[in-house]
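After this come two complexes, each holding subunit A, first together with subunit B and then together with subunit C.
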Partner chain A sequence: MNVLVCFKSVYDDVAIRTNSDKTLDYQAVPHIVSLYDLNAIEAAAQFVEADPEDRNLIALTVGDTKIHDTTMRKNVAARGASEVYLVMDDALEDAETHQTAQAVAAAVKKIGDIDLIICGDGSADVYAHQMGIQLGEILGIPNVNAVIDFKAEGNTIKVTRELDEEIEHIEVQTPAVLSVLSDMAQPRICQVKDIMTAGRKPVHELTLADIQCELPAAQYQILETKVPEPTPRKMVFFEATDEGIDQFIEQVHTYLTTEGA
Partner chain B sequence: MKIFVIAEREQPVSELCAGARQFAEEVDLVALPTTQVVDGVADKVYRLEVPEGRMMEDAYVALANLIEQERPDAVFAESSRRIQLLLGRTAARVGGSVISNVNAMPGAKEASTMYFGGLANRKYKGEDGTTSFFFVRPATFPDAEPSGNNVEVMVPFVEPSYEVKRTEVGPRVKGDVDLPSAKRIVSVGRGIKEEKDLDMVRELCSLIDAELGCSRSIYEAENWLPKEALVGISGSTVVPDLYLTLGISGQAQHMVACDGATTIMCVNTDPYALIFEHSDYGSKADLYTVVPRMIEYFKAHPLK
Partner chain C sequence: MYELQEEERMILSMVDSVCTDIIADRAAEIDEQDEFPQDIYDVLAEQGLFGLAMPEEQGGFAVSVNCWAQCVARLAEESPAVALMLFVAAIGADAIMTYGTDEQKNTYLPEIIAGEKKISFAMTEPNAGSDVWSLTTSAKPTENGYVISGNKMFISNAEVADLFCVFAQVDVDGERKPAAFIVDAHDERVVISAHEQKLGLHGSPTCPIFFDKVEVASDALIGEVGQGAQIAFHALNRGRIALAATALGITRASLKASATYAEGRKQFGQPVFDFEAVSFMLADMRIAATASHGLIDDAIDAFVNDARDVKERVAAAKVFCSDAAQQAATNAVQIHGGYGFCKEYPVERYYRDAKAFTILGGTNQIQRRIIADEVRKQFAL
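Presenting the complex of A and B:
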C-alpha cells in the first residue's frame, strides 16, 4: 500500500520582520514544514510503521522555487518518508486553494499507484483547511476532513471524524484523501540516525511542465499584506522584586473590584 | 448582486445574512439539515436534502449544481468542520478557490483575512464574473441587520460519484469549559512546568472567578487540558474583561484570539517576551512566586 503525505513549505514566521510601511520582510527567512503538516506526517508515518512490510510512505510538496531547502526536505525524510517529491514553479507563488489542489492532483497522477493520501488540517500561513478536500474532489475519490483516527482493513479505510458537535464514524474505499486534525499525532523528535539516513533517501524535483499541469487562472487579486496596528495597551510593568510583585497583585485586585468587576 | 450564506449555528446564520444584506439585493440562505434557520433573514432558504445514513457533506453535488445555475457573486460561510468539507468539495467542483479566516469585508467580494495566524492582514478582491467563496469569522458584521421572507426551496439530493458510508454518529463529549463567554480568563503557557502546578492556578481561578485557558504550545505538548481550553487561531477566540496570562510568550496566533479582551495582564520572567507589548499590566517576576502570593492575597481580600 502506497501512502502519500502532502506538506506545505512556508516561511518560518518567527523570523519574518516588519518593514517601516508595515509590509512583511521575508529576506533571509528560511522555509520550514508548515506546523500542522508535521502532525500529518507523523500520523501517516505511524500508520505506515504499523505494517512496514506492506506499507510505504512518500512525501510531496508543491510551491514556488523558493522552497528549495535541503534542511527542510531532510527533515521530512527523517520523519519516515522513503522518498520526497518537490514540485517547484514560480507560477505557484501565493497559489489559491484550487490552483494548489490542481498541482497536487497532477503530481499524484505523475507519481502513480497511490492508495491513500494524508493531508494536514491547514497551513500556517493561510490556514484554509481546503487543500485535501479540493484534491480529493479533483481526483474524484472519497475525501473527508477533521479526521482524528483511521485504520485500514483491506481496501476499506475506517475513519473517525471529530466535528464541532459530533463524532462521526465512516468507511471509504481506497484510494481516498484524509485531512487529519493536529490532535491525531504529535510530531516525533528525530533521532540522529534518522537524520543521517534521511540524506541518502531519493528526492525528486519536478516543475509544473514535468507533471503536465496547466494551472487554472487566479480568481482573487491580493491587494495588500500588512501588519495591523496593535490594539493600544497601557503597558505598565512591574519588576521582579517583592515590592513589584505586591504592586502587580494590588493592580489585579484594583481592576477586579472597580472596572473589571 | 446576489450572495449565498451557508451556516449551521443560529448566530452565524443571522450575522452572515445581515452582512450579506449590506451588499446584496438578493440574500439566500443555504441550509444543511443541522442548520438553525432564523426567521426573516434571507430571501430564499435553500434546504439541502440528505438521505438517511449519508454524511451531510455529500449534498455538495446538489449545491454545486445550484451555484452553477444561480451564479451568486459571493458565498459567505461559517467555518464549521462540516461546511469546510461541503464548501471545499463544492468549490472544487465548480473550479473555485476558497478564502478563509475573513475578519473584515469592505465589499461583497473584498475580504481582509488573517495571514500567519494574525501576524498580518491580507486583503483579497474576487475577480468579477466569478463566485467568490469566503469563510467569515464571528463578529465581522457587528452593526448589520438581516431581512427577508425566507421563501423555502427544497434542493433534492444528487448522488456523488464515490461512496462514503456513514456507520455511526454520536455527540462529542466536550471539556467542561466555556471560554468564549467567560468574563475572566487565566491562561497558562510554557512557563508551567508540571501538570500538578495547574492546581495552584485552578485555586487562583476559583478565588477570582475565572475560567482556565491555555496556549497552543502547552495544549499540544501536554495532555493536561481539554481542547475547549485552547486559546488561539486553532482554538477559541475570547473576549473577556480580564485576560491574565501566566508564562505565555505572546505569539501572533495566540494574541489574535485574545485581542478583544478589555484588559490584558501578564506574568513572564522574560522581559523581552512579545506578551508585554500586548499587555496593560505586566509582572516580570516568576509565576511560581506570583501565583502563590496572589492566592494568599485573594484569600485575605476575597472578592465579593
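Presenting the complex of A and C:
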C-alpha cells in the first residue's frame, strides 16, 4: 500500500518580525514544515511502520521556489518517508487553497498508484482546513476529516473521527484522503541514524509543467496583512506582596462580577 | 568558528528537542535525588547520541568533534550531569577508538554506542590527578595477562559502569611504564564504593574504586605497555573539550535565566534589566559565551589535526570556559538576588555545578601551568 502524506512549507512564525507600520517582515525568515503537518507525517509514519513490508510512505509538498530547502526535505525524510516529492513553481506563490489542491491532485496523479493520502488538520499559516476536502473532491475519492485514528483491513480503512460531541466510526474504501487532527500523533524526535540517512533518500523536484497542472485563477487578492493592536492590559501587578495579592484578588472579583459575569 | 554541516545542525536541533521536551522537566529532580538518571541515559542512547563521535565501522556516526561538543553544551544548559554522560562515554572509549585493535573496537564500541554498556575512565588516584607518571596502581604481568592492583578516586559514573579504562604502571625490568587496560567493572575483585556527596553535579556519581588483584587477559591491554601516557593525554584532551563545552552550557543557561528574570523583575518601576549594573553583567555573559565557543572550536581544531600545541589550546579552552561559567553563574545568582540563593530558581544549581569545571579534568591551575610552560618555551628561552 502506497501512503502519501502532504506537508506545507511555511514561514517559521517564531522568526517573523513586525515592522513599525504593523506589517510583517519575512526577510531572512526560514521555512519550516507546518506544525500540523508534522502530526500528519507522524500519523502516516506510524501507520506505515505498523506493516513495513506492505506499506510505503511518500511525502509531497507544493509551493513556490522558496521551498527549495534541503534541511526541510531531510527533516521530512528523517520522519519515515522513503522518498520526497517537491513541486516547486513560482506560480504557486501565495497560492489559494483551491489552487494548491489542484497542484497536489495533479502531483498525486503524476506519482501514481497512491492508496491513501494523509493531510494535516490545517496549515500553520492560513489554517483553512480545506486541503483534504478539496483534494478528495478533485480526485473524486472519499475524504474524511477530523480523523483521530485509522486502520487498514485490505482495501478498507476503518476511521475514527472526533466530532464536537461524539466519536464517529466509519469505513471508506481506498483510495481515500484523510485529514488527521493534531492529537492523533505527536511528532517524533528523530534519532541520529534517521537524520544521517535522510539525505540518501530520493528527492524528486518537479514543476507545474512536469505534473501537467494548469492552475485555476485566483479568486481573491490579499490587500494588506497587519498585526492587530494588542489589547491593553486592564491592570498590571509587579509584586507578589500581600498588598499586591489583595489587589489582584479584588480586581479578579470585580471582573467576574461585572464584565466576566 | 566552525560551521556545522546540515545534518549536524539537524542533530543539534534534535538535541534541543530532547532538552526541551524531556530533560528540562527532570533537571531539578536529578539534582535533588543525586542518583544516576538511567531513564535519561536510555533516551540519549535511543537517540543515538553515544555514537555521535564514534567511527562508522562500529556503528557510530562520525560527526565532527565540533558537533559533538555543541550537543554536550546544549545538554549542559539543562543538566551538566546529563551532559557528562557523553563526556564519560567519550573519554572512556577514546583509548579504544584511538589505540585499540580492530578486535577491541568491534567488541566494545558497538555496545557502548548502543548504550548497552557504559565505560568509565579510571585514572585519578588519591595522590595522582592528571599526572599519569605518578600513578601507583600496578599491572603485574602474568603468564596469560596482568594482575591489576590499586586505588582510584573520583571516577565519574563508576557505580553504573560496565567497563573501565584503567591506567596502571607495568614493571618492565625494574622500570615503571604506564599502560591502559579494559577491565570488566562487574569482576568480583573490582570494589566500587558509594558515590561521593558532592557540592554539585548531582546525578553524576563519582566513586572510589579498589582493584583487588584483578586478573585480566593480555588482550585487555590497549596499545602497548609504555604508551599509557600518550593514551591518557589524548583522552584527557578530548575530555577537556567536553568539560569546556559543558561549562559553556552553564554560561548560556545562566545568561538565559538571568536575562528572562531581569526583564520580568521590576524595581523602582522598571525592569532591573534597565539598570546598567545588571545589563553589563548580562553583556559580559554573552561575550563569555561567544568567546567560549570560539576557544572550544580552536581547541577542537588542534585536537583533530593533532597540532603540536594541542595541550596548550585545549587547556586554554578548558580554563576560560570554566572560569567564565563560574563567573556567569555567580552573576546569575546576584541578578536574581535573594531568589537566586533559593532552589526555586535553577541558577542556584548552576552556581554549585559551575565550580566543578574549574577542578575536573585537571585543575585550572594545572592548565595554566601547561600554558605557561608553552609561553616560556616560545618567548623566554
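Criterion: the second predicted complex is superposed on the first by the 234 of 261 C-alpha atoms of A that agree within 3 Å, B and C clash if a C-alpha of one lies under 4 Å from a C-alpha of the other, contacts with A are read in each partner's own complex, and residues count from 1 in each chain.
Note that in this section contacts are C-beta pairs under 8 Å (C-beta built on N, C-alpha and C of every residue); 3 or more make two chains touch, one makes a residue touch a chain.
Since this is a predicted model, take the numbers as computed values, not measurements.
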Superposition-derived comparison: subunit B or subunit C, residues of subunit A touched: B
Touched partner set for A:Ala28, first subunit B, second subunit C, both or neither: neither
Touched partner set for A:Ala78, first subunit B, second subunit C, both or neither: second
Touching partner for A:Ala209 - first (subunit B), second (subunit C), both, neither: neither
Subunit B versus subunit C as contact partner of A:Ile195, first or second or both or neither: second
Touched partner set for A:Thr70, first subunit B, second subunit C, both or neither: second
Intersection of the subunit A residues that touch subunit B with those that touch subunit C: 238-239
Complex interface listing, subunit A residues touching subunit C: 70-71, 74-75, 78, 189-193, 195-196, 198-199, 238-239
Contacting residues of subunit A [partner subunit B, same complex]: 11, 13-14, 16, 24, 36, 96-99, 101, 121-122, 124-130, 133-134, 136-138, 140-146, 158, 161-173, 182-183, 186, 216, 218-228, 230-231, 233-241, 244-246, 248-249, 251-253, 255-257, 259-261
Residue numbers on subunit B that touch subunit A, as the complex places them: 8, 55, 57, 79-82, 84-85, 88-89, 91-93, 95-101, 110, 113-127, 130, 132, 135, 161-172, 184, 208, 220-221, 227, 233-234, 241-242, 244, 251-252, 259, 262-265, 267, 269, 271, 276-286, 289-290, 293-294, 297-298, 301, 303
Contact footprint of subunit A on subunit C as seen in their complex: 6-7, 9-11, 14, 17-18, 21, 46-49, 51-52, 61, 266
